[in-house]
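Before anything else, here is the set of structures, which you'll find just below.
You will see chain A twice below: alongside chain B first, and alongside chain C after that.
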Partner chain A sequence: MVDQSEVEKAGIPTVTASSDQFEGLARNTVKSIGLPDMAFVIVPHPMGMISLQEIRAKADEAFPKIVQLATQWKPAGSAVQSAAPLYPAERIKFKGTYVALNKMFYDRGWSIGLPIIPPTPEAVMAMLKGTTHNPAEVVWSVPPRMGQLTVELVAAYGVMAGCKPEHMPLLLAVVKALSSPDYDWRGSTTTTAPTNPIIIINGPILDELGIGYSTGVEGGEMPVNVAVGYFINLVGDVIGGSVPPEIDKSTQGSRGDLVAVVVGENEKLNPWKQSYAVEYGFRPTDNVVTAFSAYMGNNNTDHTSVKSRDLLNTFAAGIAGASSGITSCLTQMDKGYAVTNRVKFVFVFFGPEHADTIFNEFKTKKAVSEYLVKKAALPFWMYAPDLCKPPKEFGSYDENTLIPRFTGPEQIRIVVTGGPGKQSQIWPTFTTVTKPVSVLIEK
Partner chain B sequence: MRKHHITFLSTALIVACFLIVSAFGVSQDTYAASKVQLTVLDPRGELFSTPAMPINTRLKTLEGKKIGILNNTKPGADYFLPYLMQVLKESYSTIEFKEWKISYNEYPNKANDLKALAAWSDAVIGLLGD
Partner chain C sequence: MRRSFISHGLFALALGIVLVMPAISVAKERTQEWELINPAGVVQIKQVQLAPRITTLEGKTIVLRWNGKHNGDNFLNRIAELLKEKIPSAKVVKLYEVDKSTVKISGSAAESARIAQVIKGLHADIVIAAQSD
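Take a look at the complex of A and B:
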């Protein structure tokens, strides 16, 4: 709809055939971008992966309405949205039990169903002491609802999620990363895919704030990690409006849509010594947040391989098969999103023991990535139709030819995290993400 | 049963009833004591204030018009749109089509592609959904 709206703004009338399951999202989107009267023809879902006969029947049914909307139709006209002061946020008086308070928040769409800590003015003021930013500053128009996230509301959501004033710089850096066009928050939170916000934290801030990076890093009992992960989804669902089923279309949802995945890198046990942030241009003393949207991850539980290559081969299997069905072959990091360039990077979260085994032979992370780029391949027949179209330079191939998913080492990103045990994870990026976003955390 | 046994049992029953009623009363008091009175912020945030823009005037007819087709590259688009064009052509023999395949987050040419689509077309048909 964003694309059609650009065409309308260019002075050209448009008609959009929309799947009925996406009508709510479509109308919400056009309202948020100031074109509430755009013309829609609603077509029964789905429009893809059905027989040609069914597609034609749907097109036949839509045809008269398309013609009508293209030629005769005049919308009734919508009211102009009125401006309202952003700061300070409205105050609501409440009297009752905490159970009733939580119910009120959920019923009003102010929470996602988990208990919250009430954002009282006193608690929010205390949170704001953690930053020098002006509370009235707008740091993000959160898609798709385009709610205005002020610094005051960052503090409010921080309170609700259980964050502390000293977490404010981290929260503001997280917001900055998620709001980058490269992350594609709108696409990630309105897709049918099970996306998870992934946050990686580097730097001295890990120990300063007690951010988890060892055993159980993605689980509970990590108060800071969990609070930040909860904060992210409160922002996304409440102020961003990404609520199922109307707006958040995720077919099955994901756990990261409840509490986002927030990990610290285990810099102390990283055998390559170079942290992810340093690898990508930051100083060891910098505190850095890296964010990307990911499909569901999978894990590597290789307890058998003793040699580095044997272990990396099992990782290659996991990388090749990650987010199956949506992946293209021979993807390139510097090329934009296209049908033949989907899911163009993965992150590998090596547990320290796996990292140590790999380090025995592969002394740099780049060497690891280069090996995996060659090995992470699928036979042609395993790629979904139209997603794998090797160029002429690749040479001849048949359905059994192994064709790599990636072409460059920068597409396989490495982070060491977690505690003892032979466990690692593979997180493939959501298909429209341009690149991971790394942001310096302000002091 | 001897009289003093009956008296004892009656007294025990009365005491038991009293204790039960008292316990219920204490629960109510505890429940009442957990009520709070406080002020909270509405966290929803005001909506981005965009003036509502009227959409463009519709064409009087499709005959002789140039219709841009915005293919969002989702599954089904490559079947739905060609058939739609075929059906439209059967009704409007002088209609002309040109298709642009533009993925949602295509980079870096998307803005230019959309401009080209708008520049060529008298009207545009697009798709939304999977």
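Take a look at the complex of A and C:
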């Protein structure tokens, strides 16, 4: 819909065929881009994954309506702009118990089902002491609803999620990363896929704020990690409006869409010594947030491999099979989204024990990534139709030919996190993400 | 007499327990007055003009745009056949065959704008697109 809106802006009228299950999202997207309306032909769902005969029949049925809309359609009305000031945010009064307050927030769409800490003006003022930013500053116009997130509201959501004033620079850095066009927040939060934000934190801030990076890092009893993850989804669902079923179309959702995955890198137990942030151009003393939108991850639980290569081979299996059905072969990091360039990088969260075993032979992270690029391959028949089209230079192949997922080491990113145990995780990126976004946390 | 005193005492104790226990076992949540910040934020969207509409497809250049989702091309291929049959004076351009770089979900406003310029370069009078899914 964003594409069609740009066509309208270029002065060319459009007619768009949309499945009925996505009509609500389509119309909402159009409004969020600033168009009052758009000409839609609604086609019975589904359009994808049905036979050629069936889709042609749907086209036959839609054709008269397409012609009618192309030549006779007029928009239903014009959009109404809110005149409310951005700052200060509206104050409301409520009389009731804490339980009733939580119910009121949920009923109004101001929370996502978990309890919140009430954002009283006093609590928000206290949070704002954690930053020198002007509370009126707008730090993000959050898609798809395009709610204006001010620094004051960052503080309010921080309160609601259980953050503290000293977390404000971290929250602002997280917002900066998520709002980058490279992240594709709109696509990530309106897709049918089970996406969730992944946040990786590096630097001295880990110990300064008590951010978890060891045993159970992605679970409970990690108050800072959980609060930041909860903050992210409150912002996305409330200000951003990404709420199921009309806007957030995720077929089954994911738990990371309730509390985002926030991990610290276990820099102390990283055998390669070079943290992710340093590897990508920051100093060891910098505090850095890295964010990307991920499909659901999977785990490596190899308890047997003693040799580095044997262990990496089992990782190769997990990387190659991650996000099955949507991945392309021979993807390239510097190429944009295309049907044949889908899911172009993964993050591997090595548990420290797995990292140690791999380090025995592979003394640099680049060597690890280079090995995995060669080994993370699927037989041609395991790629979904049309997603794997090897170029002429690849040579001849048949359905059993192993074809790698990636072409360069920068597509397999390494982070060491977690505690003792022979466990690691593989997190593939959502398909329209350009690259992971790394942001310096202000002091 | 002593037995009567003991039994009366036990009765009083039992009565007291029955009356007091419910009050102390269920703590009532306190109603209070709250002042809260409305977290919903203000929606601000820059309004955009729709393109002027056309009133006929006769003699027009109709560009068909596919975003890469499964069957979108098959849907549009059939629309192209029907257009050629019913409106033979129209020029039908399958963008997805002319410029494969447009077969995508753009993922960014900049890329959407680029695709729009590609379409403009084809002198399109109207674009028919398939969103699929």
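To be clear about the criterion, the second predicted complex is superposed on the first by the 438 of 443 C-alpha atoms of A that agree within 3 Å, B and C clash if a C-alpha of one lies under 4 Å from a C-alpha of the other, contacts with A are read in each partner's own complex, and residues count from 1 in each chain.
We take it that a residue touches a chain if its C-beta (ideal position, glycine included) is under 8 Å from a C-beta of that chain, and two chains touch if they have at least 3 such contacts.
The structure displayed is predicted, hence computed values, not measured ones.
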item	value
Three-chain arrangement built on chain A, chain B and chain C clash or fit	clash
Touched partner set for A:214, first chain B, second chain C, both or neither	neither
Partner chain(s) touched by A:101 [first = chain B, second = chain C, both, neither]	both
Chain B versus chain C as contact partner of A:150, first or second or both or neither	both
Chain B versus chain C as contact partner of A:91, first or second or both or neither	both
Chain B versus chain C as contact partner of A:239, first or second or both or neither	both
Overlap of chain C and chain B interfaces on chain A (superposed complexes)	1-4, 6-19, 21-22, 26, 32-38, 43, 45-50, 52, 55-56, 58-60, 62-63, 66-67, 70-75, 78-79, 81-82, 84-86, 89-98, 101, 108-110, 118-121, 124, 141-142, 145-150, 152-153, 156-157, 160, 184, 187, 192, 234, 238-239, 336-339, 432, 434
Residue ranges of chain A touching chain C (in the complex, touch as defined)	1-19, 21-22, 26, 31-38, 43, 45-50, 52, 55-56, 58-60, 62-63, 66-67, 70-75, 78-79, 81-82, 84-86, 89-101, 108-110, 118-121, 124, 141-142, 145-150, 152-153, 156-157, 160, 181, 184, 187, 192, 234, 238-239, 336-339, 432-434
Chain C residues touching chain A - in the complex, by the definition given at the top	29-57, 62-63, 65, 67-72, 74-76, 78-79, 82, 86-87, 101, 103-113, 115-117, 119-120, 124-133
List of chain B residues in touch with chain A within their complex	31, 34-62, 68, 70, 72-77, 79-80, 83-84, 87-88, 91, 102-111, 114-115, 117-119, 121-130
Of chain A, residues touching chain B in the complex	1-4, 6-19, 21-22, 26, 32-40, 43, 45-50, 52, 55-56, 58-60, 62-63, 66-67, 69-75, 77-86, 88-98, 101, 108-110, 118-121, 124, 141-142, 145-150, 152-153, 156-157, 160, 184, 187, 192, 234, 238-239, 336-339, 432, 434
